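Chain lettering (A, B, C and D) follows the sequence in which the chains are written, and residue indices restart at 1 in each chain.
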């Protein structure tokens, strides 16, 4: 078999994650979907590094993880404070951005 | 992707097998993440997917990343997720019913379209030769990464460090709530209750009958209606109030059953015991 | 000598400025300042008159150029005064009668707290009127023309607290504006035709242009004259103008301003001579008006309105004469002057009567007043004899000449016009006798009756004792009046005018003094009358006697009913000014109101509606678009995601192409 | 190079505006005095310009020219001809009166209403408008003119929207909504016009290659710059539309009544007497000079529109219930006269039109400011709320009457001269239009006298019975204007002497000569 399939897999996972972001209302689940998308990207990076035979792809994946970690920390913090204030983790409840 | 393109490089059948099996698992896990009604389940499925991905990293010669994926991601971040999920409510199951008109269809449309496009892109991309990570990992994958990180990517690395610290501080700032006013004493609270004139007596206790005194069961008011007030606020918000209205009858029916078995009587039509609304069904 | 001309105008103008700007601190002396300055103007007039008499007939024209007023391209308007025999006549009439009436007003307006302002307006009027007659070009004349309009507006509406007065003033100004429109169009026509509108160039070149143009100019001038001189069809304002204080009616609406139209026509004689159609129109207007006014005068019970009708009719005579061309100009002016005397006298008499009767104006509430106010009775009587053309008095000479001239026009027109003039004479005799009898003879109808009649149309007495003469008698206003003679300061001017109206005519026409005096300016030609002068005079006498006799039969023998009888159809029509006002009201006022109202609607809905509609359209559109901003993160995410998808698609397409 | 006099006349009020705005909020009166002094100083400078200007000299005098945006050949080019100098003088003359008349209009409202009225801002904005108007009169660079022509909308917008009448029958809130509506309407109308003009300006640049009015006009005159007929017509329409909105010409007039009705009397005067003049002035200077053929091509339509404005405006004025709206519609009628005079293409018409701009400025100022004093006393704009004022406040009534008589152009007062010149000038070329326009003078008398009768005469209404007469400050505003009206009425020579040569120039630009009279009777 051919390592390009890893890329196809990554694409598939990414798409699933994205769709999840769009259709789920629970903020936490939305976050998980984002994590899924990031991981898909990581997979793609890793596969690329394997293609080109150097480690830069892995490095990028590594950085992605770090950034993802940071993002999760902040994001979850936001969710928690949101939940505290409006007792709900639904992203639809935070809809004050409309005119 | 015909064979001659990949003449330069092919994978072992073992890896192929592993890919197809675990790849399926990963996709299923991803789908479950999206479609499970309860956040906890989503989290667990996501963890599964991540572990599978970790395996794939390893298979692609990214040993360090594989381990990090397991330890940091699955081990730490997902736990963080679970922790928050617990905080928000484990059993809270949010309905998948869509509220925004056409959102779901648009989402699916975009998702599928995007996926198709990506596939097409990858398909068109001329990914001819594969030179594996062999010589890249020649003197150890970790060493290779390290040398890159601390030479080529050192600035990015430092900056990510700064980012992490900022994130940590930010999280603390966001979650830490400063108490602006003195907590009110019980006396003040009671006085306020009297002043407002509603719930002058303390709130009724939860639970019904001797056997259902759990905190997540709404107590009955004198007129028999269950009162949400009796259940603690958090549970109420999580929607975790158990309804036991049916249980009593089931118990009664079970009792009848056992009695008849002992008295070797023919089974009495339980219908006679059905409640009117059930009889109407 | 020329430099005195400016002083003629400057004196009253100064008075107006001082009195109107001066403020309350001049209240005590204001009226004397005004009177003095108008008298001063009269004196200047006399000096100039003497100077003119010193010259021989051809050189009796003085001009004074002050400054260039407007000069744009070929358009050249100078502030230049021209004093010739014609304007001299008017100057003396205006300043003379004007000064007398100033004097009279000192007494008449004694109790009015705004007397200073009144005299300021009177002086303003004098200045404007003098400017009108002294101007050397039509544009400057136009200034005076509108100036007198303004003064008359201010004076008619002097008792502004009376809505009727304010309305009358507005009406007068508006109707005059219609006339002024004619004058301005005439000036424009002159400019396009002659490249100038100064008397000299225009009147000396009438030969060089087409008769059509001249007819147009003539008709426009006639329109102006109709407006100012209250000729049909623009006569409607004069009756209402009687809302003003009586001295105003005497000075402006009898002696001077209303005759400005005649001045205009006579001054523009050259144009009319060259445009027979215009002349015919003038004569027709004159004839119609003299009958119209006379008929209206017969039916009015309000003494001032009756006199107003008579004024209208007398000016009709003048316009008729002016329309007859060179054979009539002189007599038009002569009648104008004599009329100035006796009509002013009559009005002052009427004022004096009102003064003694708590400002009662309804003649049906007079009667037998001769015992109580002898001076007024005599002066008024002399004026009466003069106006009906009693042999030997001034009216007799001037009117008789006009009737002769009318016949002298020759042809059917001559007969018609002459007949009309004769008929007018008869009617004049009738209504003046009626006024005389109802006021001074018969039983005293004012006894034991409050002099406030329910059917009195205008709120005259009610309002009059807020300002005006009656404020002194306010207490007695509702009770029985106590007729009394007016103070000397009022009677003296009446006496002077009476003298003028007795001897004026004889003085002018014996030896054709007036004719020779004016001829160089207006020119004169003897028409060939189908009737001899004696015949005409005889006919006039007959008409006179008939008129008086009928009046005597109706008002002298029978007692006068206190409430106006319903009267014949004609009488009722005449009471309502032959329905002319009603016509105006229905056609112009109502129609105008509807027009403006509908236009306001159109402006708001159509013109503005288009704009606001566009705005509303965009507003609605943006409202629709706003729906997209539903504030749900996920729908924003969808659009982002869709956008990303599109980007990918775009890049792929780029690659593919 | 000599002292930049023209720049100074514009810069002084601009700096004054900044300084006034900078005055601390507590020192309200100081700001007022500062504004007054600055405007008077500007007047002094304008007088110097007037003196230094030689009517028989070059067409544009006191010219200045500095490179500004060299990429587009935009130059800071100023210069005045007779017409411009007259209007600059008018502007500089009126602003001090506007400031003085608006002395208390921007004071903080009495307690109870929450609207904050920045006094400094009011006067600063007025000075800013003055500066911009003056520049647009002086500019001989199309681009500079355009910029300031547009820029003056901004301060005007705030003046209209921010400082309305305190009086409103439906209370503070309704007043605010009405005001903002009027301000937005004003802004949108003029912006649309400006947009079209911008397009035309760019088009002109494309065609001519630079923005200098003098150069382009020169090139047009000696034929070295030839425009295709259609191009010229389109460019002309682009310019004319903007000016017609500003003027305002029927049917683009509806912004004016709202704007004047809602803004305080001084601002209303600023709108009609000063700002709108830029529109008619620009027609005379830009449309005729740059596009003579197109102007002649459009003349019939424009004359008819002007005629409609005259009659229509007058009729609507008769139908108004609101004093300020009435004056606004009267102004529309008068602007009709001005446009008619400009496009009559006769020296009388154009001199008359220029004179008309000046006189209308003064007469409207007189009438409107007195009306403002009246309104501020009674607190209502409705004619029906007044009556018998003449009895209680004779001086106010008298000045009001004089302003009204000037509006109906009574001979002896300044507007008569200009109106008659316009009528004659039109009549000589288009007799029919001239005659119809003459009806305007009757209608003018109608609406003026009706207004006077309903407000000033008749029995005294109880609400006005305690009305005080004009105060000293108000007299200081009105008296000079009236004196000026009378002076220019009997001796308009000073103005006509300045204007005539410029008009002769314009006439030669459009290759038109006055029609000859049938008979050469004049000496």
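Simple rule for what comes next: contacts are C-beta pairs under 8 Å (C-beta built on N, C-alpha and C of every residue); 3 or more make two chains touch, one makes a residue touch a chain.
Everything numeric in this text was worked out from a predicted model, so none of it was measured.
Asks: Count the C-beta pairs in contact for A-C and for C-D, then report the pair with the higher count.
Replies: Of the two interfaces, A-C and C-D, more C-beta pairs touch across C-D.
Asks: Relative to chain B, which chain's C-alpha centre is the most remote?
Replies: Between chain B and the rest, the longest centre separation is with C.
Asks: Please report how many Å separate the Cα centroid of chain A from that of chain C, as a whole number.
Replies: Their C-alpha centroids are separated by 97 Å.
Asks: How many angstrom lie between the centres of chain C and chain D, each centre taken as the mean Cα position?
Replies: That pair's centroid distance is 37 Å.
Asks: Distance-wise, how many Å sit between the C-alpha centres of chain B and chain C, to the nearest whole number?
Replies: Chain centres of chain B and chain C, defined by C-alpha means, are spaced 102 Å apart.
Asks: Rounded to the nearest whole Å, what is the centre-to-centre distance of chain B and chain D, using the mean of the C-alpha atoms as each centre?
Replies: That gives a centre separation of 73 Å.
Asks: Which chain C residues reach two or more other chains?
Replies: 630, 632, 634, 638, 641
Asks: I need the residues of chain A touching at least two other chains; which ones are they?
Replies: Within chain A, residues 18, 22-23, 25, 92 contact more than one other chain.
Asks: Can you name every chain pair that touches?
Replies: Between chains, contact exists in these pairs: A-B, A-C, B-C, C-D.
Asks: Name, in rising order, each residue of chain C that touches chain D in their complex.
Replies: 20, 67-76, 79, 139, 142-143, 145-147, 150, 153, 157, 160-163, 165-167, 169-170, 173-174, 177-178, 180-181, 184-185, 187-189, 191-196, 201-202, 204-205, 208-209, 213, 592, 595-597, 599-600, 603, 607-608, 611, 615
Asks: In the complex of these two chains, what residues of chain C are touching chain B?
Replies: Of all residues in chain C, those touching chain B are 630, 632, 634-635, 638, 641-642, 644-645, 648-649, 651-652, 655-656.
Asks: Would you mind writing out the residues of chain D in touch with chain C in their complex?
Replies: Residue list for chain D touching chain C: 185, 188-189, 251, 253-254, 312, 315-316, 318-320, 346-348, 351-352, 388, 390-391, 398, 405, 410-412, 416-417, 420-421, 423-424, 427-428, 431, 434-435, 438-439, 441-442, 445-446, 449-450, 453, 456-460, 490-493, 496, 500, 503, 514-523.
Asks: Help me check something: in the complex, which residues belonging to chain A touch chain C?
Replies: Residues of chain A touching chain C: 18, 21-23, 25, 91-92, 94-99.
Asks: Of all residues in chain B, which touch chain C in the complex?
Replies: Going through chain B, the ones touching chain C are 100, 103, 106-107, 110-111, 113-114, 117-118, 120-121, 124.
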